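Several structures are given next for inspection.
Next, two complexes with subunit A in common: one pairs it with subunit B, the other with subunit C.
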Partner chain A sequence: MVKVLVVDDTAFMRKLLKNILFSAGFDIAGEAENGKQAIDLYRELKPDIVTMDIVMPEMNGIDALKEIKKLDPNAKVVMCTAVGQEQMVKMAIKLGAKGYIVKPFQAPKVVEELRKVARI
Partner chain B sequence: MNDYKSEFLQEAREYVELMNQSFLKLESGEKSAIDEIFRAMHTIKGMAGFMGYKNLEKLCHKLESFLGDLRGKEVSGEIVDLLLLSSDRISEILNKIESEDSDEVDCQEIYDRIGSFEDHEANENHRVDEENKVNANLKIEVRLCEDCAMKGVRGLLILEALREVCDLKATEPEESKIEEGCDYFVIFANGEPKKVDEVLSGVAEIEKYTISETINKKEKAREEKKDEKSKERSSPALQIQKKNESVRVDVKVLDSIMNLIGELVIIKGRLVQISGKYEIQELSEAVNIMEKSITSLQDEVMKVRMVKVERVFNKFPRMVRDLARKFGKKIEFVMEGLDTELDRTVLDDMSDPIMHLLRNAVDHGIETPEERKTKGKRETGLIKLSARREKNNVVIEVEDDGRGIDLEKIRRKAIEKGLISEGSQISEEDLKALIFLPGFSTKDQATEISGRGVGMDVVKTTVEKLGGSLRVISEKEKGTKIRINLPPTVAIIKSLLVGVGKQVYAIPISNVVEAVYVDRKNLKSIHGNPFLIVRDKLIPAFKLSEIFGSENGKEREVGIIVERESEKYALIVDSIVDQQEIVVKPLTGLLSKIRGFSGVTILGDGTVVPILDISSLLGGDKFG
Partner chain C sequence: MPETKLIAEFFEQNWKKVEVLITEKSLVWEKSKIDFREVADLEIVQHVQKECIRIRREKDYYFNFGEKQKQVFRFLAFNIKSDKFAVYFLSPALRGGVLVSNSKWEKGYFSITESAVWFLSPERQIRVPLNTIGSVNKDTRTVGDKSRVVLSLSHMENKEVVTSFILCPETTLELLLDYLRRILEQQKPKEKLSDIEEQILTMVYTGLDSSNIESVLGISTEELNKIYDKFVNLGIAKVVKIRKEIELTPKGVVIVSESAKKLGGGKSG
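Moving on, here comes the complex of A and B:
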């Protein structure tokens, strides 16, 4: 099973993503509510995929992505984004993010993206 | 050579028509359309060369090579404009060839514009870029899903992912364009196809991708030549095959065949009478068999006369597009039921009215993009033209999702014109009916488009002349739908034969509502004008015996209630003779201007029967 680490500062979004991913057969390894937590949990859990929100308190998604990439150059990070954040996502992709999902989340799109990135 | 000229013109025009359709497909993003246009242009060029029309050949040649360069590229609105202009110019040349046997038409403007596009192109795509493409061993084509969110980001993601496994040489369009977002792009790279495939299969929202290994340029050129040769060799055989399947027939020939069948039907009627009169068994048997054959012959020819509405509808997308551009409106034009069949005379007559309705929809119906935005509608307006068979009728609908008919505006205009008085209660249906009056327009200023003489009144008259009817369904801010009901054919119609004095007249069944007996009780004279009372309603009555000046010796008469422009009228006749299908023979020459009659028919016994044309019969006050 593919292990996913869900990173988002709102509990609602995390719950929504967890529900979508769980019903599609992904294993939710853990969840973090900011960039710092995400890095710690990545080190601890070694998830296959991270879904990373961009705007978060403490440490934002872009900085967390940079750190995770330093820890593991092959890390698969999928950015969570909303309309209007194109420039941020583009930066994230140049920094090594492997995909992106757009809010409001559409379950089939999210599942397709993660499956492609996880190569299952 | 002259023998070929008419065939050449006909065929070339068909190709021009085909191109016009393809241009629009091209604009809506169908890349394959360019190949269709290319082929059409190539064929016209070939034919023009054969016929010795050098100027036309040159124009087609220039366009052909221009089109060749366009393959696989984004096609802008300006390019489509140029292509449309070119096809207009080709039509112009064809017309000149037909009338003066000369193809001398100035095409410099087109050459200049092609030139400027090519210069532009050259500046944009640096030579280095071209060389890079040649050096690359892989050509990767990617098409994103239509519903892909943030296409620019997806494009960047693909480029970044590819960079990890291969060496990107060039892209089409350039990378910055891909990052802005485009549906389709091509990447030239050096690398292993297998690795590229691996990368692309791991990216979501790609509809389709192809990876092809390119061959170097010289080989490519050689292959292309080979291709062309084999194409040329195979095409004549293909054409011969097609010619065997169908034969072109002049419409006039069809009409005269129809006429002759009409004559046959009449003669058959006479033979039936004769065999009945003299009781010749053998003759009546032979006549029966002949009757069957004639009926099936009639059916077959009727079928031949039926053409798909496509034939006329196909010119509309171009027209709507041009109008939309002119008025600065964004319009999606949809056509449905293109294979619905209609008698070709009916269809030809309907061409102008439909055109008018579409113009109305573009000009009056659909709002400007800004206006639509503020109303919370989609910026692009929708116009739908559809045709379908409904029972014995063909229904044509023109529908838009624009502002709808403003009944208040109609009311004001009607008061202004003195058609209704202020404060009078008038139903919505009646208000809508006003737009069909000649000279009634709510548009404050007649635009070039809506002021071309074909008004809504002409639309209605044409439809009614063809034995059809028309309805307007409109809701404010939601849109307007005009529904036209047409009989599939006009050459043979069902009619009511009525007797007036010694003469028999035919009334098309499509006009007739009902028939009632007339006596002193229900026929009243009010201010000297006769009215028939039917179910407590007063219906203006016309005594045909008076109108045609024939004797009237009958005590008991019959009132035929007919409908014209949603109003009922009563025609008082002596008797109903029969109800039957008749072959309409139009009035020609001096007789064609006579009012009150749409044609004549000949009955089985040879009697010539005039067919009443209700709208012109009741329209004026002078007869005969």
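Moving on, here comes the complex of A and C:
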């Protein structure tokens, strides 16, 4: 099963994503509420995919992505963003993010994107 | 479209063949005439088993132009009563939160009629009903090699949020933004939603069913039903399915007991 680390600063969004992914057969490796926690958990849990929110306290998703890519150049990170943050997404893709989903999202789109990234 | 005579099907209690004369300013058939300036709305719909053009004036008129349908629709879309603004548009730019990679900027018009806004180009005439518009904002996009301020318009289509971008002069952009924001303001529910109600709305949009929502939020079916009723009363949701909860009668319990015996007696038991 594909192991996913869910990173978002709002508990509600984490719950929502976990629910969608679990229902679609993904394994939830863990969850983090900021970039720093995400890096620590990535090191510890070695997930197959990370869903990474962009705007977060402590350390944002872009900086966390950079650090995770330093740790593991093959890391599969899917950015989770809001409408209007497309410039950030472009930057993230340049930094090595494998995909992105835009909030508010619909479950089938999320699953489709993560399955696509899992196959890369 | 030059003055054209076409044989079409017209619906009046049932479908009948009529000769329609389409001029620069009007559509004439039998003893009737529709002046394009009087048309309030236009849409391709299914009506009594046929795909046809619905023309709304003080009442609805249905025409099926067969092979010429697209051509007639395009002509009407460009000529009905509307406020038209020359723009470039990208529609759809995002669908369900995912970039539509094969979408291209088109040169055309952003048109406003009584009940819809339109993206019009020679190739496509996209109708967006006003009551499906969810948000409108300014956004910065790279168009060509330049960073440009565009209008971002999101609407619902087949249960998905579709976002389109409009590129136009700043004065037009401000005017459209102001107009669309006023429309949205009129459509907003009068009552403010609580945090939990907003979360439930998000979950419904995401596609979670009632039992999932109850488990994520730790609330009871009764509490959720109360909130659903509020959404329905506010006109922001509609009931599509009523779930039944049952409990077994003694007859049902007997069947379960028998079934358990069978399972217990199997190889795995």
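As a convention for this text, the second predicted complex is superposed on the first by the 119 of 120 C-alpha atoms of A that agree within 3 Å, B and C clash if a C-alpha of one lies under 4 Å from a C-alpha of the other, contacts with A are read in each partner's own complex, and residues count from 1 in each chain.
The definition used in the following text is that a contact is a pair of C-beta atoms (placed from the backbone, for glycine too) under 8 Å apart; a residue touches a chain by one contact, two chains touch by 3 or more.
It should be emphasised that the depicted structure is a prediction, and the values quoted were computed from it without experimental measurement.
In the superposition on chain A, no contact is made by A:32 with either subunit B or subunit C.
In the superposed model, A:75 lies in contact with neither subunit B nor subunit C. When the two complexes are overlaid on their common chain A, residue A:107 makes contact with subunit C while staying clear of subunit B.
In the superposition on chain A, no contact is made by A:56 with either subunit B or subunit C. In the superposition on chain A, contact is made by A:16 with subunit C only, not with subunit B. When both complexes are aligned on chain A by C-alpha atoms, subunit A residues 83, 86, 102, 109, 112-113 touch subunit B in the first and subunit C in the second.
Residues 94, 96-98, 135, 137, 139-141, 152, 154, 159-161, 163, 199, 202-203, 205-208, 212, 215-216 of subunit C are the ones touching subunit A in the complex.
On the side of subunit B, the complex with subunit A involves touching residues 149-150, 152-153, 156-157, 160-161, 179, 201-205. The touching residues of subunit A, counted against subunit C in their complex, run 12, 15-16, 19-20, 23, 83-84, 86-87, 101-109, 112-113.
The touching residues of subunit A, when paired with subunit B in their complex, are 81, 83, 86, 89-90, 93-94, 98-100, 102, 109, 112-113, 115-117, 119.
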